[in-house]
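Residue numbering begins at 1 within each chain, and the chains themselves are lettered A, B, C and D in the order written.
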Amino acid sequence: MNASVYATFLVAARDQPGLVARLAGFFYTAGLNIVDASNHTDIYVEGGASFYMRMVVDVSGLSTPAASVALGGSSSRGALERAFADLATTLSATWSVRYSDMVQRVAILCTKDPACLYDIVLRQRSGELPCEIPLVISNHPTLESVAESFRIPFFCLPVAPNSKREQETQVLELCRRHHVDLVVLARYMQVLTEDFLKEAPPVINIHHGFLPAFQGAKPYHQAHARGVKMIGATAHYATKDLDQGPIIEQDVARVTHAMGPEEMARVGRDVERVVLSRAVRAHLERRVIVEGRRTIVL
Amino acid sequence: MNASVYATFLVAARDQPGLVARLAGFFYTAGLNIVDASNHTDIYVEGGASFYMRMVVDVSGLSTPAASVALGGSSSRGALERAFADLATTLSATWSVRYSDMVQRVAILCTKDPACLYDIVLRQRSGELPCEIPLVISNHPTLESVAESFRIPFFCLPVAPNSKREQETQVLELCRRHHVDLVVLARYMQVLTEDFLKEAPPVINIHHGFLPAFQGAKPYHQAHARGVKMIGATAHYATKDLDQGPIIEQDVARVTHAMGPEEMARVGRDVERVVLSRAVRAHLERRVIVEGRRTIVL
Amino acid sequence: MNASVYATFLVAARDQPGLVARLAGFFYTAGLNIVDASNHTDIYVEGGASFYMRMVVDVSGLSTPAASVALGGSSSRGALERAFADLATTLSATWSVRYSDMVQRVAILCTKDPACLYDIVLRQRSGELPCEIPLVISNHPTLESVAESFRIPFFCLPVAPNSKREQETQVLELCRRHHVDLVVLARYMQVLTEDFLKEAPPVINIHHGFLPAFQGAKPYHQAHARGVKMIGATAHYATKDLDQGPIIEQDVARVTHAMGPEEMARVGRDVERVVLSRAVRAHLERRVIVEGRRTIVL
Amino acid sequence: MNASVYATFLVAARDQPGLVARLAGFFYTAGLNIVDASNHTDIYVEGGASFYMRMVVDVSGLSTPAASVALGGSSSRGALERAFADLATTLSATWSVRYSDMVQRVAILCTKDPACLYDIVLRQRSGELPCEIPLVISNHPTLESVAESFRIPFFCLPVAPNSKREQETQVLELCRRHHVDLVVLARYMQVLTEDFLKEAPPVINIHHGFLPAFQGAKPYHQAHARGVKMIGATAHYATKDLDQGPIIEQDVARVTHAMGPEEMARVGRDVERVVLSRAVRAHLERRVIVEGRRTIVL
């Protein structure tokens, strides 16, 4: 294990004294250096104040004798996780860990709009999004050449009126076969069923409106008709209730009376792309904890 | 009449060829200089494309022989308006005019929050809002000392459960007696009745939410519960449907998971004040035309 | 000539009475409909107030008898331009015209960074930028495959220490041969000589700093060292003085102490792309008039 | 000591393993609850990575036996500070502490512009700025009535060409007599000498330009002449080099070619006030650490 491998721990627990000290102390005792840490105590959670913490730990220290002693004779990742699990049990905390040498795999679902697809792939290629993109899935053949120009396998799975369940099964199968960790809906013009979402990895969607305003179809037309002076975009986790999932990121742009719905859509596209990429990046960097209908982005 | 008096004409008409030429030509022929002009053609209006124009005209030229000739022998404002009315009839246009030496009079309605009241008065005093503020009306006595520190008459008209109609009548009477041209609701915590709005001058309200999201009470609490990442404020003309009136101006500010409703309210207050003052200024400068549920801000 | 051809006139003149009326009247008399118009009077120009106007005219009316009469017997574009030139001479105005059926041709100059190149090409393909891109020129071979994936001819013209003049001559020759109307520097890492700029079509550059702060090399490193809380990008016409040309568009993004120069660069790239595309679009739509070191964007 | 008293610790140290654990552990051992914590490791500091941490500690726990034992038999604030100082010495850390029941005292220095003065006082009155304002000092009598309307003592100390040193001595004397912790320059139109700044408490200034662009006098006129498309404001600690001090907060607003310097100033005033108040609030909440020319805002 070389020096550049990091483990990112996300922890959530009922607030209680000494949480920072005990969580940070765990790694200190094991001789593992915390290179980045942030935490938040939320007093507005129903049922009592809650505590959230993100720690990025340099796991190269696992190979030292100190770690071995602290972790009970072994210095494997498994031993680290078992020891941390014990602490978490004591604190009644939920937690997860991910290692930087296990690159996450993202499936992009799209329909006909190339902008979002290009944007995510180019950000991944430039190193901005720490992930692999093993496949692109679409319900239309339009974007095949885009995927091909980046040598990403492209699967066209059309949806007929009564083949939705079947198509979703194929999407799930592809995700499983390619070990997909995250699904990104890059202007995928299909509503996903509750059944699909139960089985699938986390799904991030971009809605081209400032939620909770302008839910549903044609949000730019809704915004124009209502005469708003700003339009927005919202990236959120997909849930069974359309456009109701926990919001990860939002942003807006100014519009005027002089813009029709198409002009608003043009301005909005720039917002959509930036918002979606920020949300995907936050998820990949393990910064997002879902708490009910809200997210904590550490 | 000295050189610094301007007339601002607002015109709306069904789109037709030659509108700019004929409207601008009217003043050119009369020897009156247009010092500022802007127009907009909106193709999204139900019933056909509509044209809107704002012209600021230096009326000092009215005293020249050319004007007198062009206006049929008289060079009064009345003659100018009659001649323009003839043109407007030809074009089936609606229009209005206001002169810069007839300063508009604004009544501020407030309850207990001093921030918006101070903000509007200070902007008026600094010359940023071209108006007079002949009175402040409140349903609570709290802000009397603020009004007094600026030597503005303060009227306290409390609202009891079954005295709303009566209180509104008193507000209307005060507006009439003080020749009020515009009512600004500076965090006035009362819903105005349809009857009141029919009788009153135009009313501008500030809603501390990004409409159409978060209508009604406690928008910051709604925003917090939904977990949005930006909050906003909306200035709009009050109509009988609460928070549904034509939007004049909006803006937003970024918030995070770490902010509770009170912190969001603190951030939001800065947005509210700026948005309200921009809307009032646009109205006072005669830039706003209402078109259905939308506004054209020229 | 069919109904969908438009001529965009840009006019600049010393301010004088009746300009809007006379300019709009010219087209009205000729039976040509103005579909969009905006103007600005600038009182801060050295030497006296200046007037600027942009008019978009539907030239399908040229085929009517009225136009022929008004333009002296001919209804060609040449006749229209000669008649307008006569009016402009009377007003001592400078002016230009461009027709929507003569699509402008843009050469992109780049080096190794694919982001800006992709961004401009994708916006052109989506219809957002009304132009053709007949060629891409680079001083490095890196981006050849990108150009090829869009089937755009790619020319690699490396710059050796003492071949700069020669290389620029080749760039100019390519621009001439491809009838280029506009050169866009999409992170082209070469300073252009005064000689080149004299001969070349207009050149728009994107500077990854908020000018006039952080001129010259490595602006994000400069911004980080100074500890600013926002970073920006500036699109401007290239002139002989580096980073001193007239600014067309700027925007910023918030940064924090937690971001190093690379993180700032990542955030900044999103700003750069949006700013450059807005500037190129404004130029292509004939909205930009240069006035000394400033631009008027109508 | 009741439950609502908090101590805010700010710590800076060379980066080293175990810092979070040891700092948080210190309070955990003493039975003191950390209610808010944030930290940052900066790898760009000359001389090696640096670590910064802010901890807000509920000091009501000081009255428990556990604290007394952990702190060596005493449970006073003095004992807490001595024990923390020992730890800090071990870590070669610099640190400071402030208690929420010792309200900071802010002197406002102004000249003739009422906007910034009103803004800060109103924010203090509304509870947004946790401080007292024991006095206002001005080199002009203009704003005396504003201070009086809030019952804040006002001192007019004019500056004559050769009385600057003397006047500054009087300002310092007033600050000492009123136990001032922070000086806020609310559009105070005087440059402070190096001697003054050496003796004075921290001084926060608002510059009405986006530093480092537009340093010195009349920044809005500079911005207009350069034709920028956005203007900004910068709040920074005053240092001997004019407009060169560490930046605490910045923001911007969009402007257009249609705005003259006065209009830019009007738009800019809204930015100035918000930026200054954010900076003062961050300082009062003990969030700001100065590191060379930069600030860390935790």
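Assume contacts are C-beta pairs under 8 Å (C-beta built on N, C-alpha and C of every residue); 3 or more make two chains touch, one makes a residue touch a chain.
Just so it is clear, the structure is predicted and the values come from calculations on it, not from any experiment.
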Every chain in contact with both chain C and chain D is listed here as A, B
Where centres are the averaged C-alpha coordinates, which chain has the largest centre distance to chain D?
-> C
More C-beta contacts across A-B or across A-D?
-> A-B
Hey, how far is the Cα centre of chain A from the one of chain D, in Å?
-> 37
If you average the CA atoms of chain A and of chain C, how far apart do the two points sit, in angstrom?
-> 38
Please work out the Cα centroid separation of chain A and chain B, and write it as a whole number of Å.
-> 44
As the complex stands, chain B meets chain D at residues 114-115, 118, 122, 125-126, 128, 149, 266, 270, 274
Mind listing the chain D positions that touch chain A in their complex?
-> 17-18, 20-22, 24-25, 27-29, 31, 33-39, 41, 254
Flag every residue of chain D that touches chain C in the complex, lowest number first.
-> 40, 42-44, 210-214, 224-230, 232, 246-252, 256-258, 260-261, 293-297
